[in-house]
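One structure is given below, represented as structure tokens, and several questions about it will come after.
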């Protein structure tokens, strides 16, 4: 019964909106409801995956893993706030790599001398993280180079072309990565089974029903959240960028963060590492290019030109510090604390940027 | 007989020029002829090296390895296009580290589970690559710092002084590296013998004749190529920077790229790795400082201040992604694909910069 | 007797000042006296530490390790030259990581095939170095982001707030690191005993007396040095930033540099590595945040916004090249030379910045 309790957030947030409560309450309850629903969709996906073979199952798991974040981002995007979507993408990467992995290492390492994780997997994920750092920084560097020679409007159009080109390359690399981890090198990357208490034993029908219904309600809630975003920011005296980079990002990745900490405490650090870094890679390798392409079809193009120096620095910093921590295939509580410390330092930076 | 066939490109390109063909044809056939001749000069060098001891032989091999690139760069430089030379240097580093190593890992890894390479050597080369990244980025950072306080013309003069100073340090480190790999630590770095089908059995006279004649014809062709460069760029609607960073660079390193892929397919990944990264190091540690010093004597000083943010970012990105891929001393086809993917993304960036 | 000889620098520098000698002589003798006194204070600390348990002893050693640098920085700061203090902090990091470690590897590696050091320790220190690179670069990136939207004076105030916030996080991480290395993971990090010829056998009274007297005289000398700084720079035709980043920094870290080279020559590379990188970490994790907080109380706030692009680049470059060299847990003379080469290249850059 207890596991159904968080679902009460859905009627609560809808009630808030209907009764004309303040935008802060609508925003917070709606965001929490999205986080809860994302976990249910994940369980439905796992249920369906359990009935498919391992290859198709793995494909399902990675494809629907970010559906909540995608829907949330699309609603924020269509309400004309591309900068907030970029902040949310940046924040998702920071939340999973620094906060999630850091908390997992910290909580998992307390009372233990050290925890080990699969080095082959950690190496692949680190390499992909470096690739993604380059992919996400490149458009901003291109834009900087371009603006020294051409007019801003001309630069804007080539920014879109470059972003579409990079999005295509990223999606192609993602497809190749699926072939790599699910087909040619399946033995190396066969993930430790997650003992799912929820979805793994569900029937196909139940899994599908939960996935469809959950996704639909997420869309409903996402509309509330994106609508209340600006008023919430004004009321709280925060910038919309800070809300996006910290709050929306933690909401979108809450299920992953929670799972990683639980697994780390059970001394299953390889799994916690895969969940956190895998989620960050999912964001940059799939979510970002999909948003570029979908937004282009919607007529409100979002480029990959991340304009905030602080955001670009944060992505690069996260990639470097994760590489440093992961290099030896071992973790301790202090390494976790360093990751959390870097997250807090970046959050301080984002807090002070914008309206004081 | 077949190996003499590509030499027909030399009369072909000279004929194109004599008959007044379009500059695009002169440029393309001339560039291809340079690539073919570079391979012959390399064979002549190997032949001479086989008659010397291992230390002198190694010295010969590394010294004449980039003679074609040096001549090509000097002709482009004296025609007043320092930016194209910088683009060519940047492009050579990208072509060998990302495209060459990536293709080698991709082609070598297909159908194989993994390929191993010498970690001691990979570690040294990675360290040097990091050093060179710092050396090539430093003058641009210096220039940026300097311009906040002094006039552009004063900055220009100190840029030249700084570049000369750095060039001296780089050449000194290169000399020390030769002592290190050929004298004090020869056992560690004794390269797997390349079973040369061409030059290794040549006589001293034949080797010398091929080296001298080849170098002379390269100079002739290089003059054609640099002369046709600007008209070619206009005809194709490309920027001269794009031609330099992609086309001239691939021409100058074609022999290395080809050799690396062949050796990787034979599962000799250590050798492929040495060729690719060694070639990039050669460019930055020898070619770039030599061009700075020679150009200063010629009265058309080229500084090490790489002004394109995209070029600087590309060099740093290549260094990081190679380090990430090389860290574990193993490679798979997917790691190769990631390198090629990064190269394509950077090429997209360079394509869209400049005249649309 | 011989060990008391350098102490003659103290009366010498005070005499220079009293007799009205040129500022260059006051500056040079005073700076040398600070370096000598710093070594005595260090011996006093070791003497006291030997009487305490290992945990308290370790705490004492790391806490008083930078007292000379702190006093010197405070005097320069109160004479209104925050830029010189930032240069000194930058220079201390460069001097220990590049010059000190490089000379140690170079001198220690001559005539030896390779030297090994403790990989667990090297890994932790590398991770901390990456963290500190992020912490020191973040405020400058924040400042850059902030200035695109608000006025310079508003940016200045938030710069101070951000710096104070980061300083608090850094000091908290430092405290956690002490718990980590001195309590929970003491076995892993128990340092090889330094066979102290000086302080280790001193009585508590003698140790305390040396510490107090030494620190007091350092303060006196530091006032002379900071007072003569500007006149010295003008006389020598150098910038005060160059004096801070090279001369003051080498003075402040001279004892560490010397110890590291001596231990490396004795083939105790783990200890040399710990001294050099530990000293750099001490500067960024303790000294910099302390200066931010103390300067705020003094009413002459120093922020962590390092404004020199060259300085920021130097810190990042040092972190990367140390990581590259330390990755394999081994060192050779050539790796040492590369570190020294990077230091020389950066010094060339700092030399040419500013008044020609």
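For clarity, chains are labelled A, B and C in written order, and residue numbers in each chain start from 1.
The definition used in the following text is that a residue touches a chain if its C-beta (ideal position, glycine included) is under 8 Å from a C-beta of that chain, and two chains touch if they have at least 3 such contacts.
These numbers come from a predicted model, not from an experiment.
**Q** Give me the C-alpha superposition rotation for subunit A onto subunit B, in degrees, nearest 5.
**A** 120
**Q** For the copies subunit B and subunit C, give the interface type as same if over half of its residue numbers appear on both sides, and as different if under half do.
**A** Since fewer than half of the residue numbers are used by both chains, the interface counts as different.
**Q** As a quick test, compute the distance in whole Å between the mean CA positions of subunit B and subunit C.
**A** Those two chain centres are 39 Å apart.
**Q** Return the residues of subunit C touching two or more other chains; collapse runs of consecutive numbers into ranges.
**A** If we look for residues of subunit C contacting two or more partner chains, we find 327.
**Q** Considering only the defined contacts, which subunit B positions touch subunit A in the complex?
**A** 113, 308-310, 313, 317, 320-321, 324-325, 327-328, 332-335, 337-338, 341-342, 344-346, 348-349, 352-354, 356
**Q** Please give the residue numbers of subunit A that touch subunit B in the complex, ascending.
**A** Per the stated touch rule, the residues are 119-120, 123-124, 126-128, 130-131, 133-135, 137-138, 141-142, 144-146, 149-150, 154, 158, 161-162, 165-166, 169, 172-173, 176-177, 180, 184-185, 323, 327.
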